[in-house]
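Both complexes below contain chain A, partnered by chain B and then by chain C.
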Partner chain A sequence: MSRQIRLTATVLTLMLLTSCASITSVPAGPLTLGEGHPATLDREWSDISTLTARTPQVRVLTIDGLALNRLYVAQGLKPGEGLTRPMAKDKPVPAYRKDMSPNEVIEFVSDSVAAQGYQRVETGELKPARLWGKDAVRIELTAKTETGLEVSGVAEAADIGGRLYLILYLAPSEHYFNTYLPSVEALFHSAA
Partner chain B sequence: MLLACLAMAACTTTEVRKAAPTAIAAPVADSKVIVVNPDVKLAVLTAAGLQEPREDWSQSARANLNTAINDALKGRAHRFEALDPQASMDGRAGQLLRLHEAVGQSILVYSYGGLRLPTKAKGFDWTLGEGAQVLGQQHQAAYALFVTGRGTYASAGRAAVVIGAAMLGVGVPMGSQQVFASLVDLHTGQVVWFNVATAGPNADIRSAEGAAALTRDLLKGAPL
Partner chain C sequence: MTAGRRLASLWAVAVFASAATPAAAAAPAGLRPPGLKPEPSSAEAGMWGESDREEAHVRTSAELDQDPALTAYVRGVVCKIAAEYCGELRVYVLDRPFLNATTAPNGYVEVWSGLMLRAQTEDELAYVLGHEVSHFARNHSIERYRTLKTTSNVVLALQVGVTLGAVVAMSGAANSGTVNAGDTIDSISRAAQSMNDLIYLAGMARFYGFSRENETEADRLGYERAVAAGYSPSAGADLWTYVVAETNASEFPTVRKAEARGSVFNTHPITADRIAALSNLGGPPGGAPNLTARRSYRATIRSHLGPWLKDDLRRRDFGETLRLLDRLEEEGEDLGILEFYRGETHRLRRQDGDAAAALSAYRAATTHEDAPPAAWRELAEALRKQGDRPGAVQALQAYLVHAPNAPDRWLAEASLKSLTAPESP
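Entry: the complex of A and B
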């Protein structure tokens, strides 16, 4: 099936899901991630988790729709769990493993992005970060959609008590990534 | 009931969205408008419900819509310049054309499809961003008109399945075609006008007549 037809099928599928899915507002303000980890959103997001193939511990937020910006908030992935569920039995998704090294966490994030259909995923230099007082890694990445639209991303991840906490933001490099990056940076800062 | 369904099926339906009135800057007379050649992808819907791309249909529909759009814009008080997207996919202009596809599909899903994002509840507000000025500067244009078509037509086998299923009281989709048009302000990047036409049987875009009929409905009310 060509990518255009697949895109149309995706659109139609999303339209058909309308009757049974709900999208909720996540207003600006404090929120708690996982087991009591506080963070703050500086603006409203839409929670579109029910329309995605995410794992239960993952919330998927957007402002303009998944094609234009998406924020994955993994609230404690257990070993063996991925950011998303496998779309097919023969297409396993990358799974988190306990005691991953920082470079392995980068690889996990990069592979998780690729598993969602993004191509040419390239990660930048690993940078140190803090999440809830714990050592974390910060990763910046670029990728392309099937149509060739360039996408930028940034993520921060930390292993806390054997579970992976990950905040990953993806958006087209043209206009959308920079427009909402300050809000994502504010979220990182609130969770430092 | 059957007659009502047939009557409804015989019409092309359209549904217009516009940016909030305060955001609209309707083109002033003699504005230059880029008309991006239509992007059309059609497929045959098989008896099993699979979609198989038909490049021959897509090419015909693309050419027919292009002619129909140019005819429809003749005599309007603006200057129009055709843009072949295949020759403009490099660099930032190419990224803007690709971004428009993503924005257009998002509009279909979230403004038409019934999925409503709380973050888009304040009205029709979609944009390519101010980077759209790059397209405007390259072509000395103030607006860009995009037309995108996607759809399927039932194969003979599919039609037989539909008839058989109908006799059993089961509804099976026959295939449908949707064409959307969007007008983008190349200064702000804002999508100022958007319309979707769902083709009726008299608007088969694989034929010149059908494409002309659909284009009349699609561009009806366009602020051009």
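Entry: the complex of A and C
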């Protein structure tokens, strides 16, 4: 493992030097999603989007690192786009599609979680919600990491003018999920 | 498993096998003696321990199938074809939608659900397991080691390429001081890499795949083992012929054109000459199907059909999934489940004709006892899209009868309300 850490440190240094990848602070306060959709963060997060294979409209935020908490904010996915970019032509990722039924949006969220490498992804409670005054669906999820660690998730998703808006929070069920859940609920609330 | 682990274990497998050659060579007929153990405190013992750690990792993996009866069944087949190694081979079924199976030199056997879903009889499963056990019995990993030495630079490049998740862990974030190294880095790289694993393994297979000579030999020895245990002589050729047909049906030109068939990260590439050689041994594929054998095997995997098909759809190779469904439907059993997944496949593919094909598959599913409740919900959605409001209402009502406590009941009710409301101008 120490060899891997050294390699990793090298990669990190290279990435920071090339400046195409960076971690930026997202302070508590207002932020605008997509085309003028306002929301508010009640605490500081780190934006690690450029370190991930996300699509351009997706921001990836974390507090303690990707394994401990991650927040995907998709600000208007166009048809054909997913949370992440496909690695190869014959390895497509789940994509948002035109005229998805609400069940297909739920399926898109759950498949997208699985495509991040989570196993045994199951949707739990589903509830109606609102995002910027439009009908949205609130999705509770459970999953496992490949090593068997239990993960919980909650998401709100809405099709607004043919584009998908999605806020998705994932964290280990034990301790971490509940620690920052109030902040995520506050974010949902600010975007209702 | 993560690419890093897999790499470590490949090193372990390769180096150990190399060191074990003298012992294996001394065994009768060039086969590894049962109960082979490395000298304690030798380098081989350390390598063996590495394989043991990989096995321990698999034991807690989220992909490990949770049905002990299924594992016991596969283990039983292994013992039928390899009685002499029965005591030292430990079987793990992983729910991974790719056709693969492996045996490590320490005796740990991985069987992926993608294989179990595609085998049509126990005979076909036994043939593949016989092939695997033959690699084990002949210590074929030595060749892999030789390949490895010449490709270590490539390996290094790949390793750098897959540590991005760890980079994120180490670089920390808002509360970077609180990150707990060790486990965190490990689990982050796992989570981030798991899907990439498959891509990574595709690359690995090119470097670590067994040579054609080894494959031919394992085919022959596996065939002999399976036949000696009373399994059908044509099972191997039958299964590989099907796999070629499935890849020919792939959605992706790269998969259709590949000379070596099977899943791309399969370390046992299936080629036309292998099928020809097997056909020479056991007669051509495509003899009269043994319905008893098929039905009995289906009964063994029946409870897994739905989850495994759902996993298969994660590959998003809809052409292959449709071909697989054709095969699974040959016996005329499980049509509620199978037609539902046929509908799902067409719904997800969204090409010309898929909407109509999905509709008719969902409709067919709902005529069978074993249809999942979602078949009615999806039938309703397909009918609604077609403009058949009364049909959609009827199907949604049936959905609510079949799944009265569904978490999406409110969605179905809202949909019912809009379908029965007077049509807006």
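The working rule: the second predicted complex is superposed on the first by the 170 of 192 C-alpha atoms of A that agree within 3 Å, B and C clash if a C-alpha of one lies under 4 Å from a C-alpha of the other, contacts with A are read in each partner's own complex, and residues count from 1 in each chain.
The working rule: contacts are C-beta pairs under 8 Å (C-beta built on N, C-alpha and C of every residue); 3 or more make two chains touch, one makes a residue touch a chain.
None of these values were measured; they are calculated from a predicted model.
Enquirer: Output check: A:Arg120 vs chain B and chain C. Expected answer is one of first, second, both, neither. What do you get?
Expert: Only chain C is touched by A:Arg120; chain B is not.
Enquirer: Would you check which partner chain A:His175 touches, where first means chain B only, second means chain C only, and both and neither mean what they say?
Expert: Touch status of A:His175: first partner only.
Enquirer: Is A:Pro128 contacted by the first partner chain B, the second partner chain C, both or neither?
Expert: In the superposition, A:Pro128 contacts chain C only.
Enquirer: When both complexes are superposed, which of chain B and chain C contacts more residues belonging to chain A?
Expert: Larger number of chain A residues touched: C.
Enquirer: Figure out whether A:Thr32 sits in contact with chain B (first) or chain C (second), or with both, or with neither.
Expert: In the superposition, A:Thr32 contacts neither chain B nor chain C.
Enquirer: So, A:Ala88: does it touch chain B (first), chain C (second), both, or neither?
Expert: second
Enquirer: Please work out whether A:Thr24 is in contact with chain B alone, chain C alone, both, or neither, and reply first, second, both or neither.
Expert: After superposing on A, A:Thr24 lies in contact with chain B but is clear of chain C.
Enquirer: Is A:Trp45 touching anything from chain B or chain C once the two structures are fitted on A? First, second, both or neither.
Expert: both
Enquirer: Going by the contact rule set out at the top, does A:Leu68 touch chain B (first), chain C (second), both, or neither?
Expert: In the superposed model, A:Leu68 contacts both chain B and chain C.
Enquirer: Determine where on chain A the residues touched by chain B overlap those touched by chain C, and list them.
Expert: In the superposed arrangement, which is not itself an observed complex, chain A uses residues 1, 4-5, 7-9, 11, 15, 23, 25, 44-46, 48, 51, 62-65, 67-68, 145, 147-149 for both chain B and chain C.
Enquirer: Help me check something: in the complex, which residues belonging to chain A touch chain C?
Expert: Residues in contact with chain C: 1, 4-5, 7-12, 15, 23, 25, 44-46, 48, 51-52, 62-68, 87-92, 94, 97, 99, 101-103, 106, 111, 114-120, 123-128, 137, 144-149.
Enquirer: Which positions of chain A touch chain B when the two form their complex?
Expert: Touch list, chain A to chain B: 1-2, 4-5, 7-9, 11, 14-15, 17-19, 21, 23-25, 44-46, 48, 51, 62-65, 67-68, 145, 147-150, 172-176, 179.
Enquirer: Okay, in this complex, where on chain C does chain A touch?
Expert: Touch list, chain C to chain A: 1-2, 4, 57, 60-63, 159-160, 163-176, 178-179, 184-188, 190-199, 250-252, 254-255, 264, 314, 316-317, 350, 377-378, 381, 385, 407-408, 410-411, 414.
Enquirer: Given the complex with chain A, which residues does chain B contribute to the contact?
Expert: Residues 41, 43, 50-51, 53, 89, 92, 94-96, 98-99, 101-103, 105-106, 108-110, 112-120, 126-131, 150-151, 189 of chain B touch chain A in their complex.
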